[in-house]
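What follows is subunit A paired twice: with subunit B in the first complex and subunit C in the second.
Here is the complex of A and B:
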């Protein structure tokens, strides 16, 4: 098991390195000189060489590209994400201010994903080929294929404009009003959650169906256990093994979706910060946001691998 | 500067105040020219818009509640003299100008300036309103005005409005509330300039600290390469010189740091005299402003309960559809919509929907310095290839007025004899063939990367394609545009000019070769002469004729492709009242600044 985990960790680090190179390159490819952007805003584009040089040094772009890359990685490791070109704020501070908002969004969407995905998947598998199964299958496919922004507009219209149940957008901090916070986050988390829920439901259904066809399930029924007992005690755990991987992958979709959902619902989180940074060519923020997203996805995938080993003893044996 | 979306409040602050009849009265009473007619101005006695009875609104104003509005962005740049100016929605509640504009964009209404008198063509004596306080408690006075003008003129402060004050020689203090303006030469656009961005009064106390802070930051940046050079310098004499320079800068920095102590950046903590002042800001979420209990205007007319709202909440909502959903759901009270959204609200019984012309210009810029567009035949071909009527119908729901040149059709400087360029694709093809592009022409360019601009640009691309012009614009951020602008790496651009007020400003910014905003490098010698004259002439009729001539000159040379002047769609909750649209259209800024709205139910 140890060597299995070590191997996964090495793969993750290798991927992270490649991703870091990719992100560094993307931030440099964006059209426009960031220093000229700063000068345009603060000095109407007029500046002497000392100031231009000073600003280049401040943003670390006065060095050759390989050095810039190494400095960026080194600083990132010690928690120095640089300074935002647009606002002059420290990126780490900007990040920390917005992290709780995005974490809440992720947690909320994960709850919706699991809740909807597992229950629909289980019902579909248990009531295989029934009308309910077909209905839930259509629902799952819709959840998977409907673009986030479209779903957002439709739900805003239904739940806010027509029925006034939920606010159409905005964010209320939990510390300010618990009800306000839950109401404001209900729709965005649901929309992000349904993306993952569709995928989870499909996998739970097929995985559970394959497990329910196995001999040990027949034996369990033969022992006189009820359908519910068979399902909970014997079928669910083995059926969860492939689903765990999918749930991990879903995190990636959700992360990407958060850029759109935060922008659309005017939520002041990391995704919105990333979108604003792209529009403003604010490369320190772009780099930090993308890299943190990449780290999160890799960390979740690594956790999934660890969990896989726990759920499926064959993995341990093979490793 | 982005445009329609983000400028709901500021749109309201454009135009309005004295009607022509009143101007006529002023003329009669003084029997003099336009310049001299400005000599004395006292609003209470002469302003037709100073009406609060039945004509204005039959209901009695009710105080209370927070007005909820929305803005697509908040970039934390709330000193109006700092570029880019994108936070107008919030700023327009907090700052006030010395002079405001009437319904024809003439700077005739005294606001923070009480009256002015032209002593001669280069000297103006101006009396300021007494008892006006900035939000930080400091007094608005001759000293604060002088400090602000000198701050703008100081090139170390990099105010984007500095070039507008170029004719100004000095602001002299006469007494606590009187200043004497001295010009280098006659200055026709003087009052128009004070009715524009430089005229927004900022607390000198806050401005001084902010300027010191910015200068200190700049020294920090400048010291980095100097220290490096000093460290690497082998020659002892040169190294000593560098060290001396560093010490000098460090001394200066200490001085600025001491000055900046306890100061807050003006960009995020604006200090004006307006009816509302900053209460709280949550990044990318909202800003709240609270009522200014010391607002001078209400008190000066015996209505101390003005402004009526307890405060304003500006929600930052980037998506236009979500902004509209918020209005429909009752989460916000008033917004300016995209014309494309007009159909979705016009029959909504819960909303009051109004449309009114705005002083913006949507246009295309040619590269005059190099490439095919330096040939007038190509410029003409492009101009005739655009079906402006279809563009307004297709992209603006028909809301917009086809432009014949740059000044809007309700602006006093607009030449009414000019007709919009006709849609004539056959003529375009002929002209292209004459210019040597019979087999087609490919043009490069760029446009801002907003969804609205993209939709609009695609329609223009299709129209140009019909005559054999393939326009391949890139969609870029403002920062992304800086480099291609500098390198002149384009043939044709899509653009928009907001808030056309003083005619000299747009003319100078777009067509003066020295302007940093003359992106097309236009260099029309006759136009340059006319711009110079327009800036200097003080008599109204001569100025008007000069601008008529300027527009004609620009049109004859197909200097740009003027497309249309947009129409704004204002949608508000029925609970919001106190806006008399007819008076608003007639008196522009004069009405808007003096007639705050309120909630019918005074929402607690």
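Here is the complex of A and C:
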């Protein structure tokens, strides 16, 4: 088990390094010069060469690219994410302010996807080929294929514009009002959650069906267990093993959705900050956002591997 | 009579046709006796065994017949009554120990279940009982084996666990479906010996399914021979070996080595293949492969008739032998 986890950890770090190179390159390839952008905003575009050179030196973009990369990595490791070109704020502090909001969004959507995905998948498998199963299949495919923004528009129209059940957008901090917070987050988390739920439901169904056909399920019935006991004690755990991997992959998928959802619902989280940074060509922020997202996805997948090893005792031997 | 099976039919529905896996069989099982069930692969032995516990998977179904266990018809029980019999009164040992245990649960977790479900014992009370069981089936180091997972055990050890699990609650009937077929020859005898001894100790009845007549000769009191979903011969073990009546039984006996015969005798397998159970020919199902066939065999299938008081056979040639 230890060597298995160590191996997964090394893989994650290797991936992270490749991702860092990629992100660094992307932030430089984006069209437009960030310093020009700042000057446009503050000096109405009129500037002499001295000012430009001064700014370039200040942000370290006068150095050769490899040096820039090394400096960036070094600073990142010591927690210095640089300074936003657009606002002059420390990127690390900008992050810390928005992190709780995004975390809440993710937790909420994870709860929705698990709740909907698992219950629909289990019902579909247990009542396979029933009318309910077909209905849920259609639902899962819809959840998977409807774009986030379209689902958002429809729900805002139904729940806010027409019936005024939920606020159409905005964010209320948890510390200000708990119900206000939950109401504000209900729709965005649900929309993000349904994306993952469809995928999870499909995988839970097929995985559970294949487990229910195995010999050891017959053994369990022969022992006198009821259908429910067989499901809970014998079928669910092995059925979860392939699903954990999918749940991990879904996370990356959901992250992409969160950029759109935060923008749509005016939620002051990391996604919105990232989108704004891209529009403003604010590359220290872009780099840091992308990198944090990558770290998160890798961390979740590492956790999935840990869970996998915990669920499947055979993993310990295989590695 | 502990168990009385009357005209049991179990079919699998495939498309528009039926696979007659069990086709009108009747037999009895007395308390403490060992009944051998013998037949080639695919003749419906497993289907018959699963029917007794109503474990036939879809698209299979018990179509007709009665299974009287202590006078109660198992085919007519409610789910609740059925669950109280499965694993408690009647237990089953399956053919392949590699797949019959849950790979993600420890041996201990699987062993405590019968105690927890049927006896409502707590895990804590059940664990020492399970260790005792593992000792009984001679698994070394039983205490630490409780924490092992199936993949950490050899096939023979897993089958011992299956035996322990089946015997946990002293069931009245144990159905062992080819319990050693998937195992190494060297450990087959040891396991069968163990199974036989424990069932005798508990005075349980054993239905021992096998395709090996040699095994039956040693362990069974009575034998029934199955062919194409039907019983073709039923007798006390000794009678069956001394005077096999059905041409199929004779063929089976000629195809396995026997201890009490000179070793030079050539083994001759039965020629041909058993018929397709979804598409049975008219007349005797063994007709195509029979060396003694006659015209009347093709016209109508023979039914099981008493030849002597303890010996029944389904063959036209033996009809007049009464």
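As a working rule, the second predicted complex is superposed on the first by the 315 of 319 C-alpha atoms of A that agree within 3 Å, B and C clash if a C-alpha of one lies under 4 Å from a C-alpha of the other, contacts with A are read in each partner's own complex, and residues count from 1 in each chain.
Basically, a contact is a pair of C-beta atoms (placed from the backbone, for glycine too) under 8 Å apart; a residue touches a chain by one contact, two chains touch by 3 or more.
Here the structure is a predicted model, which means the values were calculated and not measured.
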Look at where subunit B and subunit C land on subunit A after superposing the complexes, then choose clash or fit.
fit
Partner chain in contact with A:183 - subunit B first, subunit C second, else both or neither
neither
Return first, second, both or neither, reflecting whether A:273 touches subunit B, subunit C, both chains, or no partner chain.
first
Just checking: does A:153 make contact with subunit B only, subunit C only, both, or neither of them? Give me first, second, both or neither.
first
Which superposed partner A:9 touches (first subunit B, second subunit C, both, neither):
neither
Given the touch rule stated above, what does A:71 touch, subunit B (first), subunit C (second), both, or neither?
neither
What is the contact status of A:307 with respect to subunit B (first) and subunit C (second): first, second, both, or neither?
neither
Regarding the shared-chain residue A:135, is it in contact with subunit B (first), subunit C (second), both, or neither?
neither
Calculate the angle at subunit A, using C-alpha centres, between the directions toward subunit B and subunit C; round to the nearest 10 degrees.
160
Could you figure out whether subunit B or subunit C reaches more residues of subunit A?
B
Least C-alpha distance (whole Å) that remains between subunit C and subunit B when both complexes are overlaid
49
So which bits of subunit A does subunit B touch that subunit C touches too?
none
Give the list of subunit A residues in touch with subunit B in this complex.
30-34, 36-37, 40-46, 48-51, 53-55, 57-58, 86-87, 97, 153, 156-157, 160-161, 164, 167-171, 263-266, 268, 272-273, 276, 278-281
Subunit C partner contacts - residues on subunit A that touch it in the complex
214-216, 218-226, 229, 233-234, 237-238, 241, 311-314, 317
Along subunit B, where are the residues that touch subunit A in the complex?
75-77, 82-84, 155, 158, 160, 214, 218, 220-226, 228, 282-286, 315-319, 321-322, 325-326, 328-331, 449, 474, 476-484, 486, 516
Any idea which subunit C residues touch subunit A in the complex?
53, 55, 57, 79, 83-88, 91-92, 94, 96, 99-106, 113-114, 117-118, 149, 151-152, 162, 165
